[in-house]
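Input: a single structure, listed below in structure tokens.
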Amino acid sequence: MPRAASAYRKLFQAGFRSQSTYKLAMLAGLSTNTIFGFIRYSILTAAQATATGAFAGYTQGSISAYVWISQGLLGSVPMHANGAEISDRIRSGDVAIDIARPLDLQGATVVTDLGKSAYAFLPRGLPSVLIGALVVGLAMPTSPLGYALGLVSVALGIGTACALRFAVCLLGFWLIETRGFRNLYMVLATFLAGLYLPVPLFPDWLQTIANATPFPTMLQTPIDVISGRTADGAAVSAIAVQACWLLFCVALGRFMLVRGRRRLEVQGG
Amino acid sequence: MTAIIDVRELSRHFTVRRKEPGRLVRRRSEVVAVDAMTFSVQPGESVGYIGANGAGKSTTIKMLTGILVPTSGHVRTCGMEPLKQRKRLARRVGVVFGQRTQLWWDLPVSESFQILAAIHRLETPAATRRIDELVDKLEMGSYLDSPVRQLSLGQRMRAEIAASLLHSPDLLILDEPTIGLDVLSKQRLREFLRAERREKGITLLLTTHDVGDVERLCDRVLLVDHGKLAFDGTLTGLAATVGARRELVLDLAEPSADLTAIPGSTHLGSEGDGMRQRLSFDAAQTTVVALLGEVSRHAEVLDVTVAEPDIEDVLSRIYAATR
Amino acid sequence: MASAVQAFAPYRVILASRLRAQAAYRGSFVADLFGSLCVAATEFAELWALFHNIDSLGGLDWHAMLMVFGIGEFAFSVADLLVGHLDTIPTYIRAGTLEAFYLRPLSLLGQLITSEIGLRRLTRMGVAVAAATYGFAANDIDWGPDVVAMLLLTLVMGVALFSGVFVWAAGAQFFLVNGSEFTNAITYGGSYASKQPSSIFPNPLRVFFTFVVPVAFVAYLPTLWILGLPGPEFLPSWLAWFSPVAVAVVWSVAWLLWRVGTRHYQGGGG
């Protein structure tokens, strides 16, 4: 459907452009990324140097890459369900208008969020990695294939995060106060995605739990692929796993939307 | 007698940075919000402070209360320099903002009063008496326990005024206090303020767009136009200065033709087959006597009434002229 | 003494009313408490998971790190509870609340501080105390009067230091647009750094967190001294006794920025 495709393209661009008014906030985010980046670089490189075991195969270069790429991706991968417009619209009931529109609510919301995420790369994402690379150095892949796969992986990671965020926001159809859930989501997501510590460094049982969730595919996988830690064949299968989780999250969101719609109709909108 | 407000050559400039299309750097321009104002208010007066939006009224009030620093000039409120003696001054002045609240949004009105009493360090028995007195006079008893956010505008304004008077200030400054209120609420508020003046001798400085406020509450009017003090006097004086037209109502001895040819006047209308006619004239250009002289050449005048200019009209003209 | 208590009476009344008001919002308060607990638990989990891969970080073993983590987290969460809301000044400015503060016979900063109290930080504090207690217990500490004195000094100075950082952040809001996002880098970055051994920092970072935002004095140096460990290059452990100096510097800068900021606001910069 060419019409729907162009509508989605426009939504993506609108989401992208909407972030241009937040230049200062992006700069602020970059400064936070930088300070936290330096602190985490210090912690993890010190840990890598004195590690008792293999440290999941991380070298100083690759752990540095992990730190800086994770900081860079923070601006683009939404690991929380706060401040979403759709939550407000559900609470106020305006969402009924959105559902009545011909364009699919899930598609529209997720695509707009993707546009917003894409914007953050230039003022926040890339500079974070650059600062790390220039000041302390990090290990990156040398082959263009590595970067191509990396980009695909990043896109899938962001897509999964946006899709799951949509689903979490839809909880508002059933719960009046979603604050507790949203807090829990943010905390769990950031931890299990490998923001605080790379997932491969988790104790085995915790790794199993993490890998049973889509969170690692949002952050850990893209970082591994783009930094070259997971390369070639392993990268391709990691991307396949990401794709599966993306489908799952989209399906979850779809399911919740359908049920939410039904609930709205029952309640009389 | 020392003035309670003393303002001399008071000025306030703002630097505004505006982004203009085509220019890379923002253009800086100076906006003069208040321009060399000079006036003084004696204790016990009631002054209306009027002017179009953006004319500089709020800025002046902020300088009087120590919120803003003057760019130049001299300002003393209750004999104190607002900037340097802000806290001492706060004990002697009460301020009411029509569009913002000084109460605690999520607390019951009574609790806001208790907190304010503690802030002003009022002794408990005196504080209770004062609160009771204000609650009684402003008829707030029915909603004392409601949170401020649940009050109607009228209820909230009464609470704000009570809050501003809790510490029995010498000067009460009100910024658009009756905005959005219905006619009855406005009347009651004005009556309360007049009574306070009578009984306590409190000085009032009132910013308003409401003509009724000015007519019923103020003996004196300060007109601000683009930051400058354009007029300082009574309301009738203002009307005369602006050249508002007055109205002559003539009762004639017998039905006559419309008096449309009286020089210096405009015929407004006739009733009773021309027995009662209304003429409008500019008091600066002709006099009642002159007009009567002219009229009596056409008809015999039994009775004459002169109507004051409509203040509404006066103010609209002023605002129209300043746009 | 009585008059000092009297002098603060209005502030106590305001704060008391805030506590009462928060008690009314039971549901979301519990959700916030839970949220804080989750955040604190996650930070602890990070440390714990890290130590699954290592035996020591920057010369400190697991139990020593628990002390650093606990003390640092305690100091920050108490300061956050008391004055963490100061960086929301722009909200007060927009709502006109700041002007209402000017019209009262009380200090501006005092009113701002007492305008809110972050009780939801209590769970974070709880996690901090638990971690620190475990760390202290697990180390064989000789509880002489000097150690007790150091601990008390550390806790008080830690809270004072972070409170000063929050006041600094408040003053900065007068000059920055979206200011709180910038100051967060220092506030939360400083908190994060305080829970790490300064020995792991490259020199520029170490200098920054010792002399610019002196959070090394909050938990790391005191822990070194209490455990009798030597400090890294240029940071002997006895420096821990000089934390009041660090606090004084932080507060001087914060106070200065506050004064300049309020002058700027009254100059119509708001």
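The first chain written gets the first letter, and so on, giving A, B and C; residue counts start at 1 in each chain.
In this section, a residue touches a chain if its C-beta (ideal position, glycine included) is under 8 Å from a C-beta of that chain, and two chains touch if they have at least 3 such contacts.
Note that the structure is predicted; figures quoted are calculated from it, not measured.
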item: Distance-maximising chain from chain A - centres being C-alpha averages; value: B
item: Chain whose Cα centroid lies nearest the overall Cα centroid; value: C
item: Mean-CA-position distance for chain C and chain A (Å); value: 30
item: Whole-Å gap separating chain B and chain C, where each centre is the average of the chain's CA atoms; value: 49
item: Geometric centre distance via CA averages, chain B-chain A, whole Å; value: 57
item: Overlap residues in chain B, where contacts from two or more other chains coincide; value: none
item: Residues of chain B touching chain C in the complex; value: 12, 14, 62, 65-69, 83, 86-88, 90-91, 93, 95, 97, 100-102, 104, 106-107, 111, 114-115, 118-121
item: Chain C - residues contacting chain B, complex; value: 9-10, 13-14, 17, 20-21, 24, 95-96, 99-100, 102-107, 263, 266-268
item: Parts of chain A lying in touch with chain C, wherever the complex brings them together; value: 24-25, 27-29, 31-32, 34-36, 38-39, 42-43, 45-47, 50-53, 55-56, 136, 177, 179-180, 183-184, 187-188, 190-191, 196-197, 201-203, 206
item: Parts of chain C lying in touch with chain A, wherever the complex brings them together; value: 27-28, 30-32, 34-35, 38-39, 41-43, 45-46, 49-50, 52-58, 177-178, 181-182, 184-186, 188-189, 192-193, 196, 199-202, 205
